[in-house]
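Next come two complexes, and both contain chain A; in the first it sits with chain B, in the second with chain C.
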Partner chain A sequence: MATTIAIDASGDGTLTQRSAFWLFMRRKSTIGVLMVLPLLAIIAGLVAYPAGYSMFLSTLNKAETKFVGFANYLFLFKRETFWMVVQQSIIFALVAVVGKAFIGFVAAHAVNTIPTKGQRKWRGMMLIPWVIPPALSTLGWWWLFEPTYSAINWVLAEIGVDAIPWLSDTFWARFSVILVNIWIGAPFFLIMYLAALKSIPEELYEAAAIDGANAWQRLYHITLPMMRNIIAITVLFSIIVTFANFDIVRVLTQGGPRDSTHLFATYAFRVGIESNDIPLGASVSLFMFPVLAVLAFLILRNVRKRAMEL
Partner chain B sequence: MALTKQTRRRFLKGAAATAAFTATAPYIKTAYSAGTLSLGLWDHWVPGANDVMERICVDWGKANNVDVHVDFITSIGNKLLLTAQAETRAETGHDVYCVPLWLVSMFRDSLVPLDDVVQEIESRHGKLVPSAWFLGNIDGVWRGAPAPTGSLSYANVSRADLYLDHAGIDLKAIFPANGDRDPALVDSWTYDAFLEAAEKLHAAGHPFGAAIAPAPDASAWLSTLFTAYGVKLVDESGDITVDSDETREVLDYLSRLTQFMDPGVYAWDDAGNNRWLISGTGSAIFNPPSAWAVAKRDNPDVAQHVWHHDAPRGPAGRYRAATPFFWGAWQFSPNVSAAKDLFLHVASPEVVTEMLQASQGFDLPLVEAYYESNDIWSTATPPDGVLYNYPIRGDEVQSVAGYPAPPEIASAIATQGVFPNLVARVTQGGDSFDDAIGWAENELEGLMRG
Partner chain C sequence: MADVTLNKLVKTFDRTEAVCGIDLEIANNEFVVLVGPSGCGKSTTLRMIAGLEEITEGDVLIGGRRVNDVPPKDRNIAMVFQNYALYPHMTVAENMSFGLRLRKYPKAEIKQRVVEAADILGIDDLLDRKPRQLSGGQRQRVAMGRSIVRNPEVFLFDEPLSNLDAKLRGQMRIEIKRIHQKVRTTTVYVTHDQVEAMTLADRVVVMNKGRIEQVGSPSDLYHKPSTRFVAGFIGSPAMNFIPCKLVEANGGLAAKVNDTISVPIPADRSDRVRAQVGKELMLGLRPEHIREQRADDGATGVACAVTPDVVEPLGMETMVYFGLNGVEICARVAPEASPNPGTPLTLSIDANRAHLIDPSSDMVL
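== the complex of A and B ==
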């Protein structure tokens, strides 16, 4: 790289200052900061500001004219329906994430055994549920589950099985929204796990085979430990996204029957937008924020610790 | 130059005087209002109605030197409400916005007072219907002017042939397509008679269908049933009154009625009852004439047997759910004077009649006198007289979900689905009456916060 030589002809130090500025600008750290500035601006504008604003809103009264501190949260604690939403959101997130992780893990192993030549088309096909906009694919599921003219029930009737109240019964409605969430989200786990599987050195399996390890032992002692960080990060990411889910419930059940499928996001929408109580809606949506923040901190700290050990 | 000190007291006096003048002054038309007027209007269900509405507004704009732009916004997925929330928070968007049912109350602080306009409309064309007063006049101030299109009511829509064949009830004789009603026959149309018929029609494979789910239609029909039994969830003064013998009585009634309904009603959306009737399975629903209008196109065999008529009478009277539509002007609009001129224009009998024709009788005027001057409901066919009883002809009283609670509480009762949830807790969830009422009390307490 050519070096600029600054000559202070005037003797007043102007060129020296200018060259110092250019040297500063050409430092890697300066360029790095400049290059991330657009991203920082986007995060500040589209993440930090809305988050801060919703926190601010959650501290106002219904008319948004008075600061009430944590009164909205305390108010929610006394609401029976809210606690039902908390319970449902936890059930929804945990069951769905476990389901997605399990199916993704099995599918990743299945795809990994396919010869490289034909693997791409399988990977592509299995990603389809994740790629389609969820509101659109959920509409397709709604037609399958339709309360009166369900396509699945029509097939069941053809083989002599009683109709299932997919969306009108509490248990089946919860089952349906979780099933659709798993269907949409499992490919994400698949692709992450597949990438992790491919990064495990083949020599480890060869050495284990020489030592006489069976398939289960190879999975338990090689595959799982080597995938641990990816599993942790994927699960963390999925828990956060699943807790914040909106479109599936909105399209399939609108929170019914009897509010039994509401999640934080759909209930916040019902309370905040539809009932015009924006501060209370903001409080509902922010309720899990501290819990998820602590969870994220703990998981990421463990991941970092393991990465250091490796 | 010395400025007179503006004290708080003086400011308030001035503001009060200005407000009083604005509220009481007669409306003065500002001809050739000029400028641009952007309208966010409801996307009509009936094909072709939007085109007529747009033409009327644009023609008015040309005559008054106003550049009019019309956007039609669907109410599906609550998009009308979502757009209103976005525009009022951002304080930008349309100048004129369609605010049906509870939206006037919800956005009262963002809507321009329209006392002068509504007073002018009433002085020119006559009194508005009671539901318009309840929903459009908030705390004594009009925030919405009557919309020329969109207002509807939930008539009892039945298959006259099925009622006659399986329940032995001649609905066309009880509610004929003329003014010649037999009061004794009308009196016989009670919720008990409705239940008896529902059982017979269910046995014949043609059950009654109505949503008991988080959908506006569910709150509409259930609230009228509750009102017909004398139930008030919250009274006029804002006190919770759901714990009553009347509530237990209506829950008992619904426990019996739901045995003869499809279990899918707990997950129906607003189109569920339409599909139920149009498919030929359903014998009765509560709806505006959209189900009949679609059946005319998709299943004419069903359409020719459909009959719109009065709701059954309960111990406390006969009620029908209404959904009035208003147009309002956002306070951030720079062209409120042009908006007010337009509101006056579209409230004229000529415009309302044109929209009635375009909507095939779906729309119901908010000016009482317009019912006398229109015969669209008498001439609609098939069958002849199918819509004659769609406007209220007898002793029915208009009602809105949550009435008579104060509007901000009533709107939350409707939007949070208190009615369908209370009913479903008993009829589907197996809760005792006391448990379900206890849940409702807790829920209603939550709607009271200021």
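== the complex of A and C ==
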């Protein structure tokens, strides 16, 4: 009896240490953490570090030699241009997203009525604006708008309409950047809404038809409620992406005329890189953060709610 | 209240004919079940009555009115779908009242009708729930409630029970029958389950390959099937078909299965089949008409010595499987006979219940 205990004790000592380590390594949560580690490293290096660094930069003076606290932010609050950027960013994001959502919704319905056989072709064609790199397609648009050779103005002249100052008038410049953003972004809504439409069981429409609903009532009572979640998520997601847009404004107007088309990102670039005040540029870009954080929170909450409903 | 008439009804999908010219008269308040294997055109027929499928040829009349070009909402019908098709974002009460709300009924009347229907179906306490909070059987009741509140002239059911488990299906079957007895309305019910067809129907319409094989009361279909398809489709386990030869014997006729088994044809049927003497035919025998020998078998019992391959005790009866003339035969034996696989056994065939089928036309003679 005594011998047995002794062997057990000596064996247990080494066994527990080694097997505890292996048990820890084999736990699902450990493996999970290990597997997302590369991604975490990338996020830390490419997102967390730059974000933290720009927060640090925003507290320095222009020469980056002295800590100035919130002085850069307070300075921005007093600038009229900054408030114009705030206003333009909001107008740009809201109008563009509503436009994209509306066009995507209508186009999704149109594509959905095409018989399945020919649908692929149309779906593919309608995705083109979204697939081309925006900087390139925006160059194409710039050529259409550009005052000297504007193809659109040429067509307008042919039908007897005066040339429109697409990029040099405040209203038309804002109109143009929003138009191009809608053109590029609408296909994303089209695809999301088309998928949502296809997931609505045909029987619901048949039941509604027997219940006496006409086309508008079917849209209002069946389609919209069934798509509510996907509409909410795509709109929130798109507001984030649109709000943080850079390339369209950069290529089309460089923020002009008179800074009237600047968004946070392009204004931060103008102030920080082109005017060589990196701390002030960092402060501008950080203003996006609270807005985007609130939107991201709303999206995540929405997704969680959706997951719970399933 | 209305009768439904189908006149030479045809439906073609991309050159394949799903329904090939159906004629059917459904009387006011009658419960008619369309039954058949999948792809036989029964659902398509129902959807044409509902107006969800365009009619290629022929006419549908509801209450004497031709409704071919009348949209579903103006046909005064209600339909229960296989997947219930409840609106997931509406509560039970909203689901049930949707049709009435669209038709702008007064609020008080809507409420009263919903409460009445919920009462009939026993779902009064579920009215504020969403469909996803309900079990399959409850959803099924709500789907029926949605139809009942509309007080339609015709009820259409499209395989309403096939998504339920076996026990619930049995309960809901009784429920549907009870509701039909309470709310007398013309009903067309589609199913592939012959038990549902037999238990629910005033009249059963057996369909196959887009055509009607036979229309009749459940007992007619069981006792007097007119085609081999109906004979094999109605009844469970299915009827046995044994190759045989019609011969003259002892002054009458007999279906000779082999040298030892010869089933005499009853005198009242002999005249009908006399022309077939000498031909190879099929002997149709239901499992319940091949059973253990009993003292009261009498003259119509034909002894038949077999060796069972498989024995399936089910409690109240025992199924015995054996080979005969190259086909597997199923017999239904009382458990007291205690058959054993491999042990020879003498069974008794009820000659009065045998059917003769002409294999060339598949018609029951």
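The rule we apply is simple: the second predicted complex is superposed on the first by the 275 of 310 C-alpha atoms of A that agree within 3 Å, B and C clash if a C-alpha of one lies under 4 Å from a C-alpha of the other, contacts with A are read in each partner's own complex, and residues count from 1 in each chain.
Simple rule for what comes next: contacts are C-beta pairs under 8 Å (C-beta built on N, C-alpha and C of every residue); 3 or more make two chains touch, one makes a residue touch a chain.
Because the structure is predicted, anything quoted here is derived from the model rather than measured.
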| item | value |
| --- | --- |
| First, second, both or neither for A:Arg27, with chain B first and chain C second | neither |
| Chain B versus chain C as contact partner of A:Arg120, first or second or both or neither | neither |
| Touched partner set for A:Ala209, first chain B, second chain C, both or neither | second |
| Partner chain(s) touched by A:Gln217 [first = chain B, second = chain C, both, neither] | second |
| Contact residues of chain A, present in both the chain B and the chain C interface | none |
| List of chain B residues in touch with chain A within their complex | 78, 81-82, 85, 106, 213-215, 262-269, 272, 275-276, 279, 411-412, 415-417, 420-421, 424-425, 428-429, 439, 442-443, 446-447, 449-450 |
| Residue ranges of chain A in contact with chain B within the complex | 61-63, 75, 78-81, 147-149, 165-170, 173, 253-259, 270-271, 273-277, 280 |
| Chain A partner contacts - residues on chain C that touch it in the complex | 50-52, 71-73, 77-79, 81, 83, 85, 87-89, 98-99, 102-103, 132, 146, 150 |
| Complex contacts: residues of chain A adjacent to chain C | 201, 203-204, 206-213, 217, 221-222, 225-226, 228, 309 |
